[in-house]
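First chain A sits with chain B, and in the next complex the same chain sits with chain C.
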Partner chain A sequence: MRSVNSRHATPLGSLALALLLAGCGTTTTGAEDEGVASDTTTTGDDGATEETEEGPSITPSPPPTKSRVGKRMTVAQLRASMPVIAGPDDEGFPITWRANSGTNPTGTEMFASNKLGPALGDPDYIERVEEAAIPNALYVKLMDDMARQVCTNMAEADRKRVDTDARVLLRDTTLESIEPADVEANLRYLHLRFFGERPRAGEDPTIEALENLFFTAHDEAVTNDDQVAKTPVLEGWRVVCIAMMKSPEFHIY
Partner chain B sequence: MNRPHPPPVILRRPWRLIGLAAPCFAAGLGLSTALADHDPSAPPDASTCHLYDPVEPEVLLRRLSLDLNMRAPAIEEYEALAGQADVPEATVNALLQTEDFRQWARRFHMDLFWGNVDNVALNSGNVKLNTATLAGGDQVWKTASSGRRKKYRVEDTVCQDKPQTDIDKDYVLGEVPECEQVGDACLDGWVELVPYWHTAAQDTVKVCAFEAQTAAEGLDGTDLIPCNYRGANASAECGCGPDLRWCYTGNSEDTILTAIQEQLLLNVDQVTVGGAPYSSLITSTTGFTNGTLQFWKKHLAPMANLTKAYADWSDGDAPLASDPIATDTTWVVEQRGPQHSGILTENAYSLRFATNRARANRFRIIFEGQYFQPPSIEDASDCDPADPDITERCTCRQCHQVLEPLAASFSQTALAGSGLIDSLPEYEEDCIGSNNIACRRFYETKEDGAKPGWLRRLQYADDETPTHAAIKAHIEAGLPGLTDPVIASGTFARSMVIHLWTHFMGRPPILDPLDPNVETAQIDALSQQLRDDNDFRGIVRAIVSLDEYRRSR
Partner chain C sequence: MPHHISRRNLLGGFGAAAGVLSLGGLSLRQTMAADGKAPLVVQVTFSGGWDTQLTLDPRSNIDFADPEGTIYPAYDLAATGDPLILDALADTNGTGVFTDGPSGMTFGPSIPASLRAMASDLCLVRGVDMGTLTHAVGKRYFLTGKFPRGLSANGSSLGTRVAYEGLGTGSRMPPAIPNLVIGMETYNEGLDASISGVAISDFEDMEDLVNALRPETLLAPGAAEAVEAYLDRVTCGELRADGAKKVTTFEASRLSAAILSSGALWSSFDLEGNPDLLAGLLSHFGVADFASLDSQRKKSYGAAMLACQALASGTSHAVSLEVVDGLDTHDEEWQTEHSANLRVGFEAVAGLLSFLKNTPDGSGVLLDRTVVLVTSDFAREPKLNPRGGRDHHLASSCLVAGMNIQGGKVVGATTDDTFGSMTIDPRSGSPSGRGMLIRPTDIHATVLEAMGLGWDHLGNQTPQLIPAMLKA
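Here is the complex of A and B:
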């Protein structure tokens, strides 16, 4: 089966490395999105403003750095956070990234020291004495694996849950709804749950993008029967979940 | 179905900083640093640099929760902030009181102390038991040492699959067993007993009768030697003692090493969440022990070959229980002697940093914020490149004139071990030229060495050079001579503040006085607070309350 999520989630997730490294002045794309970049200047990697035909040249000093800088979650933080974010499965077992998760809801956590914890950089204080919490290619790849497994299990848990109030992934919508208001409400809820941020009231580009992702995944499932989850709506939410769990906002705090 | 028209491409919300680029440059130029009242529902204001904005309360909560409790907040915690302009102080205080905070504090200190000793060898095969499969399929415990098996049975083999009483009906558990001649070997049978790693309620295990011997002394040739001390493997009349207490197993060693790490972390708990002054981390004579560690110190550590970790009990250690129970994992406070100094003399620190130089260097990095760097130019004037005294040797001296006196402060603890050696005789004439392992471990045995016959730690403790005099002074002062000035001067507080700042801010503080963003004043204030209050939680709270921590970047 062709994977819907790979087509839709990757554009968001693949921005991770670049965005993780982004700093003030290092990227103009986003500034243009918000309409603050001038047509008359371009910003280089060193933060300098280059001379253009329309204006004088100015070479500003780098922006102040007297703030905390964003950090990538450590393996220990991921290990402790996943059950909080993903919630329990329908039988009450905490959902996290596990070995053989499909058949064993209490299988060994993949973050454990005898699984992928060391590969992700978790220090053992013998061979690795510090955790280089950087978004390298291996980290991005493994987080992709994690997101797919965890989100699939979250979607399945919500489908099986009898108590609809206990749903985690679809808390502010229903298993059947594709009403835009329901979708937006649930996306706002998920945004808070996953990122700890409340999207702006009214139009918000993140919500719009995720909304589009939801409907695209849903439509793919309807049209081409291309889905991992049991229903098109669940597939839409599963794909949204994967995109959010792979995004830099999730991993950097 | 009323569905919105999808945008032509998938947009994502711009990364927070990206949208700030242009006005932040203005801020960098000093043209505009206006702070905007941050209202997440308001449209973005492109004319304002949000670099200095306080983050939204939900973002701050996530930051605080991950940093202090190592986990993301639950949705309910976020939703409790609805309508609030900031994370309530009570919430921050609550995060500082959780079990997760204790675990975070442990992790933070493990990052400093590297307190994992899983790779330390506490014993050799001479005093180790492992299992073999008997002819009938049962497992039997036998010595892991080929030499010791030969000493017992002439050949390198194990006991027969029969009870020892089948060989000798009058056999009494622990006695020298009679054996049956089988080929060239003389084979014993097995006995059943409850080993020290089982509780009384657990099952017995099968052990070869030679290994189960309990005699207090045995013959090594014509010499009578104790069976409960290293070297006992030289006598066929020495076994593993009552309940096998004089022999390690693989599992018992792992259990001890795990307890050693926990012992270190309990010291951390005491000063981070237990209410003890934070600086007592490196000064306290109070420690923690349990049955496992007491059993190790009393019965097992003295058996280890001197090529392995030296951890013998000493008068400077806390008294041991008369009959410690290895399976008793209950931790209790112990009062150690004045030679001890917080975590610096705990088993984990001493074993993890096996030499005095390593111990001193790590101490200097953690608590003084100082790093040695190799010299960039050749050092060849007025020195001997082969001088046995490393404080005088070309090039080496540039670091070692500083390091050796500091290392001397740790020299009361054995190298590659955690046992105190301050009660050993300072001079042993018999060790000069000796090949005795105890001599080679602790004394200068070379006749042409520096001060032959003297304890190695005293080799350069004299008044010949200022460095030697400093070594001598540090040995006499012990660890308090190292830790007290570091604490009194504020260096300890400042170093720990910088570690914490770097951890929470994701970057070290800016201490370059020429940098317009220099943060020396903040570090000074925090250091003074830690110095005055000696309160770990308090200094953590202070750092996460700083504007620098709560800004948008």
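Here is the complex of A and C:
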């Protein structure tokens, strides 16, 4: 019986307010974000020539804005990617989104055509021969379901793993560490693993946001001692994992 | 268990002049501001191309008895797979044509009594010129009101258009699933991403859609807020700066997804856990025990019941559903399957209309602010082909009911020689040699007019209103 645990229910009011009111005013975007800082040269939006201490120089234009229309991952891509991203569980079975709460390693994959594949847009080749790869509310909701299950299992698998080098979620940190350097290193690894892109060297706003997320989740777990994962550190990584797997950066390329 | 339903079985496999006057010239937004409620729409599709002689545009089985004639109803042959047609022939002195007393409307032998009983609420439009004999084109033409570009849909689905018009009115939040699509296609061309159709194929999809997240994987409140804050940053950042439409859609879906994840809507759809709710719904379909239904009725009734709940609970402003497929009967299956499938589909339509007509809504009933449009890809040939089936035919029909739609009305006609579409006087709906030929785009414009919505988006199709379909 599924039920809503009010203690843990998503604060809809807060989310609605955030989405409606927060807007995007504080976020820096575009070429300003993508330019690489230089001691002597600053990069303008238009790649203009600017005066520096060493005299005029011609700076390269910033990387062009992506012009290709973004695509949502297909069901087949999700299905193939998930075991690679999530790795195996402690018994060697691939972790993916499964029926039966995900605790049964042989449970039916939710991406299957007899489960949620069609709802996620998979063609049935009877009525529909094209993938309906639309990130609509159904897709986003189901991906939330998926992220929570997969990430919970990833955290638990890492906790149980004897071979620490084989960890997937906590590869560049330890089960106990909350040292900022360890956290940053592991976040950079996860950024590459989940998004397929290396974060920029030095300060990176995405890494900073993820650090805030990790420590918020960790601290709350310490305070309330009712986290889903077994330890506050694991809970922090589980929450980071969920956020990254819910992110459009994960689903759209 | 008398009402035990397996989820798969329940909705298993279920897999858009005068009206202005009637609204006093109010725009939709003004109308909704006045009573706080948005107009609703239900578009019902019969996939494969229906036989209109059996249903909405009948001919006498006696007057057209010659198998070599250009029109041959062959109701007796259709009875092969639908014995109830024999009863219909007996009840109609062998013609197979039912005539509603008050309105004088005629119905074919595959139209169930439950729908005929609501003749005073129905507007039958006959002789609709589909302009195509290709399934995908006909289906998409009636979905959007615009003739497709090749096989590709042109414009947005009717449900998408109505859901879009319902956005941003007053201080109300938009419904959780503004545009629900059950077992069929949906299109959004250039409208707000948040009202794109949410397509589901069966009841399990619906449960996964509106049921809560599994408690064993939930987040603590602070963590949940932190995750959303992170996602706000992401969607407002580099990805959106790319102008990627998919990211915009993704972001627009987040709020609806969060409402769905809360599980708050589940009580409106948990028919298995609420026998009284189920029994109430089934009563409109004339059924006491869902489990006793055959698979086809479970699918069709189930889809209609889901539509009922989505509208009554305020979950959706628009529902599009396919109640029947497999109507493309070029061979003997026309005799063995076609009528029975049509009957089931129209039983589902009757149940849906009964629910809407009897569900209180403010000072009226739900049907007062809902338009129901029932369509198919096109019609089937008026005579049998050498294989005993019927091929595709241009002159189709549709059924319309609800908000500002004139009930007990027949608009348009087909000829008695070739079953071709006749031109009509749009004011009276009667055949007129100098009148207009009815097309799906004209139906869309008139339906939108009835709802107080604009139809400028149809402009390049040169739509014409059909005032005869609208209440005076």
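Brief remarks on what is shown
We adopt the following convention: the second predicted complex is superposed on the first by the 182 of 253 C-alpha atoms of A that agree within 3 Å, B and C clash if a C-alpha of one lies under 4 Å from a C-alpha of the other, contacts with A are read in each partner's own complex, and residues count from 1 in each chain.
Simple rule for what comes next: a contact is a pair of C-beta atoms (placed from the backbone, for glycine too) under 8 Å apart; a residue touches a chain by one contact, two chains touch by 3 or more.
Just so we're clear, the structure is a prediction, and the values are computed from it rather than from any experiment.
When the shared chain is aligned, chain B comes close enough to touch A:179, but chain C does not. After overlaying the two complexes on the shared chain, residue contacts for A:201 are found with chain B alone; chain C is out of touch. Of the two partner chains, chain B and chain C are each touched by A:70.
Touch criterion met: A:125 reaches chain B, while chain C stays clear of it. Look at A:213: by the touch rule set out above, it reaches both chain B and chain C.
Legend: residue contacts after superposition of the two complexes on their common chain; A:231 is shown touching neither chain B nor chain C. Shared-chain residue A:142: touches chain C; no touch with chain B. Residues common to the contacts of chain A with chain B and with chain C across the two structures: 8, 11-12, 15, 19, 22-24, 27-30, 33-34, 65-66, 69-71, 205-206, 209, 212-213, 216, 247-248. Chain C meets chain A in the complex at residues 15, 47, 173, 176-177, 185, 194, 196-201, 204-205, 208-209, 211-247, 249-251, 253-264, 266, 325. For chain B in complex with chain A, the touching residues are 1-4, 6-7, 10-15, 17-29, 40-44, 46, 49, 51-52, 56, 58-59, 61-63, 66, 69-75, 78-79, 100, 107, 110-111, 113-116, 118-119, 352, 504-507, 510, 517, 519, 548-553. Taken in their complex, chain A has these residues touching chain C: 2-5, 7-12, 14-16, 18-19, 22-24, 27-30, 33-34, 65-66, 69-72, 101, 115-116, 118-119, 127-128, 132, 134-142, 144-145, 148-149, 151-152, 205-206, 209-210, 212-213, 216-217, 220-221, 224, 226-228, 235, 239, 242-243, 246-249, 251-252. Per the touch definition, chain A reaches chain B in the complex via residues 8, 11-12, 15, 19, 22-25, 27-31, 33-38, 43, 47, 49, 58, 60-71, 73-74, 76-77, 80-81, 84-85, 123-126, 129-130, 171, 178-180, 189, 192-193, 195-202, 204-206, 208-209, 211-213, 215-216, 247-248, 253.
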